Each structure stands twice: as structure tokens, then as C-alpha cells.
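Heads up, there are several structures right after this.
Both complexes shown next keep subunit A, but they swap its partner, so subunit B is in the first and subunit C is in the second.
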Partner chain A sequence: MKHYLNTLYVTTQGAYLAKDGECVLVRVEGEDRLRLPIHGLGGIVCFGQVSCSPFLLGHCAENGVGVSFLTERGRFLARVQGPVSGNVLLRREQYRRADDPAASAAAARCLLTGKIANCRAVLLRTARDHEDKVNAGALRGAAERLADCGRRLDPGLPLDVLRGIEGEAGNAYFEVFDHLLTNQKEEFRFSVRSRRPPLDRINCLLSFLYALLAHDVRSALESVGLDPAVGFLHRDRPGRPGLALDLMEEFRPVLADRLALSLVNLGQVQARGFRVEENGAVRMDDDTRKAVLVAYQKRKQEEMRHPFLDEKAPLGLMPYLQALLFARWLRGDLDGYPPFLWR
Partner chain B sequence: MYSEDGLLPLSALQHLLFCPRQCALIHVERQWEENRFTAEGRVAHEKVHEAGSETRGGRRIVSGLPLRSLRLGLSGQADVVEFEADGAPFPVEHKRGRAKEEDWDRVQLCAQALCLEEMTGRTVERGALFYGKTRRREDVVFDADLRRRTEETAARLHELVESGRTPPPEPSGRCRNCSLASVCLPGARRSVEPYLRKAFDE
Partner chain C sequence: MFVLVSYDVKTEDGDGRRRLRRIAKACQDYGQRVQYSVFECIVDPAQWTKLRARLLREMNSEEDSLRFYFLGSNWQRRVEHVGAKPALDLEGPLVI
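After this line comes the complex of A and B, so read on.
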């Protein structure tokens, strides 16, 4: 099993990262704050005003460590990466299938199975664990609607029909999303998903977690030699990492939504950690962002059994395993793409 | 005859003999995962290659000698080649671990000999394998049988790489020592449909 590699998140404004032998050195205001061996790292994510020496970037590229630059609020800006890895034949196959409507629909169906099943699992899990605190009936009702959507994902359906089912499932899920909150319900009320900008605290939290997840999924795809830009469910649009977004779908409920909810429910983030601007846009403050990052890293270390491979691995490794399985489908080793099903 | 562009690494012969899928993962798909076994092998090799060249008792001992054969379509490096006083080459390959039941190591050594023959125009009759774990040296005679097997293996290697296809996994005891098991996923069931069908059960 591939080692589980950690991601270094740098949020301190003005921080400077340099290469120091085989280590990454983090310097703030002329003071050495942290030294980490590069061999234990899977990626570096820099938020806002953080700079890196070209030698460090080169060293990261050589060692397959992706470096991403995000705005302070987590919007993706750029990524530095070494020579494209893997094999051109695999990427050609990816493009061929993405161009073929039947093959795209087959992939989309598998991806949606994962997405819908995992959304449903989140609802059922909360209904079961917090029977007394939540409207369990509403959650079970929505879960039933999701199951119904899922069972309608028949082989051979064209993409537009699949997207219709996806939309229906998305509505059913987000309609009851607010019921998943057991604490700070007023402050973190969820009504609809808003992204640009997020217009309430829970959306702000979700957007930030999705940005972290996107970074991880994208790195996983690149490390197995797939092109993160060419998707199946998400069609090509310049600048959009289509396949990364595709593969993210099955992880959103498990790695991001559930984490956002538990941060609120356990009081690990507080309403006062967010600032609401005059125009309604919501931002997180530094301490909240740090708390979210720490929780995200911790969550990725939890071990679970991969339902298809029947092997134990940390949650953080699952995107990598899914990328491998996706490549194996393209290669013809598997007759479909088995999504990560969380239970 | 192959062109220089079409040469494949000598080491790929061993990968092919170990497992055709492993060979395709490395040489077609370019997946390479360094695990303990390969890392130790690499360190051992670096030591040998550092040695350079020296003369001992009338023999010149050359490390890290580049090799190629256009006939077999192979290129690579010999750990050590000893040149007798009369110029006859004698390849010596260092192996981590111990002698294997199978003749993979002999095939690889024989391929080196065939490269040396093509490059020097001299017949190479023998060579030796040196095993680090047991510190044993095994002399190898490049007889007609071993030569034929080596040529066949080289031809199969070219077929595999040119096909651009990765054969399906054949799970076996070897998978435990395979450096690419985590990429190969030999345990993945091949049919996904029943798995998808179960997603909305219960």
C-alpha cells in the first residue's frame, strides 16, 4: 500500500518556504518556524501571501510533491507540478472514452452511484446516531428518495437523463441538509447552496472544505497519470478540472459535508469565527480556518475498509485508490468504475 | 534488427519473467513504486557502479559498462565485466538476495553476454552471478538452450511493449513480493456491476 502522505498547509501570511537539504523550511519574519522532511510529504498548499523559493519548487517537482496556491479564502489559483507522469496511452484512452457518449454515460452512472449512495449514507447515519435530536423522519424520507434515484441509474441511460436524476437527488439531499445540524442551528442555518461568494456560514465552510478536497483529488489523479481536466460527468470547460470534480462527488458527503457538520455540531467552529460583509458575503477568520485544516487532516487519518478492494486504508488515501481504480477501468481491467461507497 | 530508438531495458526481461503484468505496468504504463525490495536493490547497485575500473592480476575489471544489442533490441548496463588479458569479456552480475529456482537471473546475464558479443565481436561463453545474501558466486554457461530462451524472452518483451496493453492480474504467491502490488491491485474483482447493484440495498 502506498504510504499515506501528509499535506502541508501554510496559512501564515508572509511565510516563506525554502529548500533546506532534504527538508522544507518554513520561515516567518526571518525566523525558522518549521522543518519537514520532503519524503513524508504528499503535497503543499499555500494560502494567500505565501511564497516558495524556486529551488524548493524544483525539489518538490522531482519528488512528486504537488504545490498549490490558493487565495487566503481557499479559491484555487495555480499549481506547480513536475513533468507529467504516467503513460500517454492511458491519457489517450481517457480522451477517447470522454469523447464517446456511451462510454461517458457509463462512467457518469458509476460516479453518480457513488455520489448518491454516499449522500444517502450521511442522512441515514445522522438519523440513526441522533434519533432524538434531529427530524429523523425527514432524513429517512429524503434517504428513501435518494435510494429511489439511485435504483433508477440503469445501464445504458444517456447522460442527460443521468444528469436529471443527479439534479433530483441533489435537491432531495440539500432540502434536508439543515436537519443535519444538531447545535448552533440558528447561526449556521442552511437554505440553499451558494458559492460565489458563500452567503452563509455553512456554505462558507463547505466551500473551503471542497477546495481542500479538490486539491487532494487532483493530486491523486495526476499521480496515477490521468488528466484531471478531462471529465465525464463534468464536461470540458477551460480551466475546469472536470475529472477531479467528477471524482470529488463521491467524497464530498463523506470527507467534506460530514466534517463541516461535526465541526458545527461539536462547537469546534463558532459563529463569531465568521465575518459577514455588508453585501452578505461570508468569510472565515484565521483561527477558524486553522481549526478546519487541523480537523480535515485528522479526518484523513481515520482508517477504514475500502469496500471494493476489501483493504484497510486511511480515508486520505481513498482518493488515490479511486484514481487507480478509474485508471484500471480505462485500462480494461475492470468492466466499470467502482466508486467509493461509504457506510 | 531494432533501431536505437526501439531498445528496451535489459532489466525488463526479469520483470517479464517475474510477471508479465508487472512488466507492462513498469514499461508500458510507466508506473514505478519504490518499495523496500527495489530500494535495497538500487542501493546495492549504486555501490557496485561507484567502483569504476581497475586492473587486477592482468584482468581489467570495469563497472557500470553500457551495453546494447540491436539484434535483441535491448540496452542497459553491466554491473561488472571482467576482461581477460586476451580481451575476452566475462560479465558478473550482483544480485541482492539469494539464487532463485527460476532462471531469470541467468537469462538477464545471458542477455548481457549477447550484447557483449555483438559489441566486441567475441564469443562470451561464461559469466557469473553473485548473490549478496549468501555471498555465493554461481558460474553460468551460456549454452544453446539458455541463449534460445533469452532470445525468446526478448522477443516476447517487444511484443508486450508494442501491444501497449497490460495483461490482467494473475494473483499468485509472487504478489506478496511484488513492488507494484499497490498499483496492480491484484485483488480487485473484475466485475463491477454486482457491486454497484448493492449500493442501495438494505
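After this line comes the complex of A and C, so read on.
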């Protein structure tokens, strides 16, 4: 099986990344800070004012290492990717199915099943573990509503109806999201999902984690030869990685939402690590951002058993395995796409 | 897997210094320098074969010596560091 490769996050402003033999050399103010052999890397994510030498970018492209550039605050800017790998026939099949309303509804249905099941698992897990601290009744109620949404995902439903159910499930989930916090409740109160810009601390955390997850899912799709831009649930729009967003749906609750919650609940991020700007946007400071990156990397290294393949792998490899299963479904090796179910 | 590479190269003449440079470079391409002539490499078997071949090509078996220690994939518990210049955990979170 594919080995789980590490991701390098560069948040130091003014850092310069260069190629040195087979290594990535990180230089800050003329001083060599880090030298990493490229073989151990799966991706590089640069925040803000970080520059890369053209030779390094070429070397990364050759070795299949994706390089993403984000603003200092984590908004996606650009990505450098090597020659498109994989199979044309696979990609053609992806386009064909995306053009076919019935086939894309079938894919969307599987993706939504995974999303709803995982959201539900997150709610029930907290209700069970923190019976005394949270409003477990409200959580169970919402979980019941999610289960109901899941049951209504009948085969043959058109995409619009599926999107309606998705919206309903999203509402039910985020309505009780605030109850999942057991600590620092006042400082991190969640009322409604806001983005571009996030208007409170918890939304700020979520948006940042979603950006990291998007980088990983996108790399996973590209490494199995799928086109991340052509989605099924998310329709085409220039510059939008539709399929990456599709595949992210099932991972959001597990890799991002739960991580944000445990960062807050365990006090790994503090209210004073966030700043409110004039326009109401909430931003993290540098230390908080680093703490979140470290926690995210650690989370990805946790092992779990893949529910469908029944094999143990680090969480960070799960998007890759799902991308592989998705490709198998497109190729016709699987009758349906088995979503990632978290227990 | 985790391989510890250490070398001793005779550097009395220019040729020896050249070998030393080239061996160090090869190790650096695959691993992390933890002491002057000690490298920790996290490689898969294919990469290891390449590195090993490259090292053997560079060395002069009359004068230099190379030692490889295989610590497997469960190496974390087998390495202890004391003192200055702690090594970077290449498999841990990499944030700078």
C-alpha cells in the first residue's frame, strides 16, 4: 500500500525554499533552517510570503509533490502540480458520468450518505462521552433528524432533491454544533456557519482546517489520476475543485470538525489567540495557527481501520484510499462508491 | 524503514576529500545528518538499494569504511538522543 508521506507547512514569512540535491532546503534570512529529502514528502503548503525556486518547483513536480500557496490567513491562492498523471480513459469516464444526470446523482447519493453518517457519528459520540456536560438530548434529536435525512436518500432521486436533503442535514448538524463544545463555551460560541470572512473564532478554525483538508484531498485525487475539478455534487465552476469538495464532505466531520472541537475542548487553542479586525473578520495569530497545523498533522498520523477495505492505515491516507475507491467505481470494478464511514 | 549510515573516509589526499564530499552528498539526499559522519535515512527498500549502490560506487574499499545499521520501521523506541543538536523527527509534524 502507498506509504503515508509527510506534509511540510511553511509559515515563516520571508522563507525561501530551494532545491539542494534531492532535498528541499528551507532558508530564512540567509540561514539554512531545514533540509528535507524530498522522498519523505507528499506535499508542501506555503503560507503568505514564502518563495520557491523554479528548480525546486520542477523537482517537486517530477516527484509528484504538490505545492500549494495560501495567503498568510489560509485562503487558497495557487497550486503547482506536475504533469497530469494517471489514465486518460479514467478521466474521460469521470467526465462522462459527470455529464450524465443519473450517474452523477448516484455518486452524489453515496457521498451524501457518508457525510450524513459521519456527522451523525460525531454528534452521537459527544452525546455518549459527555452525557453530563452537554445537552445530550438536543444532540440525539439532531442525530435522529440526520438519520431521517439519510433514510430519504433513495436511489433514483434527482440531484436537486439530493441537494435539498443535504441542506437540511447541514442545518440540523450546525444547529446543535454549539452543544459539542464542553469547554471555553463563551469564547467559542457557535451560532451559524460564516465564511469569507469567518465572523467568530470557531468558524475561523473550521475554515482554516477545511483549507488544509482541501489541499490533501486534492492531492489524493490527482495521485490516482482523477480530475479534481469535475465534481458530481458540486457542479463545475472555473477555479473550483468540484470533486475535491465532493470527496471532502465525508471527511469534514472526522478530520476537521472534530479536530476543531477537541482543540477548543482540550484548551489547545485559547480565545486570546484570535483577533477581530475592523470588518468583523476573525483571524488566528501565528502561534495558534502553528498549534492547529501541528494538531492536524498529528491527527493524520493516527491509525484507524478502513471500514471497507478492512485494513489499518493512518487517517491521512484515508482520502487517498477513498480516491482509489472512487476511481474503481468509475472503472466499473465496483458497483457503487463505498463512502468513508467513521465509527 | 530506518537505516543509520556512518562512514569513515580517509581524507589525506585530494581524492579522499572528494570521496568524502560525494558520500556525504549521497547520504544527504536520502537522510538527515545527525552527526558529522552519521546519517539517519528513512527510506523504502527501493530507495535504499539506490542509496547503497551509490555509496558503494563512491567509496574506496581499500581505504574507507561504511557501516549500515538497520533499525526497521519501529525505530522510535530504539533511538535515544542526549545533548546538543537534537535531530528532527522527519515523520512528525513539519511546521516552520
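Here is the rule we go by: the second predicted complex is superposed on the first by the 343 of 343 C-alpha atoms of A that agree within 3 Å, B and C clash if a C-alpha of one lies under 4 Å from a C-alpha of the other, contacts with A are read in each partner's own complex, and residues count from 1 in each chain.
We adopt the following convention: a contact is a pair of C-beta atoms (placed from the backbone, for glycine too) under 8 Å apart; a residue touches a chain by one contact, two chains touch by 3 or more.
Predicted, not measured: the structure shown is a model, and the values here were computed from it.
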For this session: Look at A:G40 in the shared chain and tell me whether it touches subunit B only, subunit C only, both, or neither; answer first, second, both or neither.
Result: second
For this session: Examine A:T113 and indicate which partner it touches, taking first as subunit B and second as subunit C; both and neither are also allowed.
Result: first
Exercise. Between subunit B (first) and subunit C (second), which, if any, makes contact with A:S53: first, second, both or neither?
Worked result: neither
For this session: In the overlay, answer first, second, both or neither for which of subunit B and subunit C A:R331 touches.
Result: first
For this session: Go through the superposed model and pick first if A:T182 touches only subunit B, second if only subunit C, both, or neither.
Result: neither
Exercise. First (subunit B), second (subunit C), both or neither: which does A:T12 touch?
Worked result: second
Exercise. Just subunit B (first), just subunit C (second), both, or neither: which does A:L309 touch?
Worked result: first
Problem set entry | Superposed model, subunit A: greater residue contact from subunit B or subunit C | B
Exercise. Is A:Q270 in contact with subunit B, with subunit C, with both, or with neither (first, second, both, neither)?
Worked result: neither
For this session: Name the residues of subunit A shared by its contacts with subunit B and its contacts with subunit C.
Result: none
For this session: Could you pull out which subunit A residues touch subunit B in their complex?
Result: 1-2, 85-87, 89-90, 109-110, 113-114, 117, 120, 147, 150-151, 155, 224-225, 307-311, 324-325, 328-329, 331-339, 341
For this session: Within their complex, state which residues of subunit B touch subunit A.
Result: 28-31, 33, 164-166, 168-169, 182-183, 185, 187-193, 195-196, 199-200
For this session: Using the touch definition up top, name the residues of subunit A that touch subunit C in the complex.
Result: 3, 6-12, 15, 20-23, 26, 28, 33-37, 39-40, 290, 293-294, 296-298, 301
Seminar exercise, completed: In the complex, subunit C touches subunit A at residues 25, 28-33, 41-44, 47, 88, 90-96
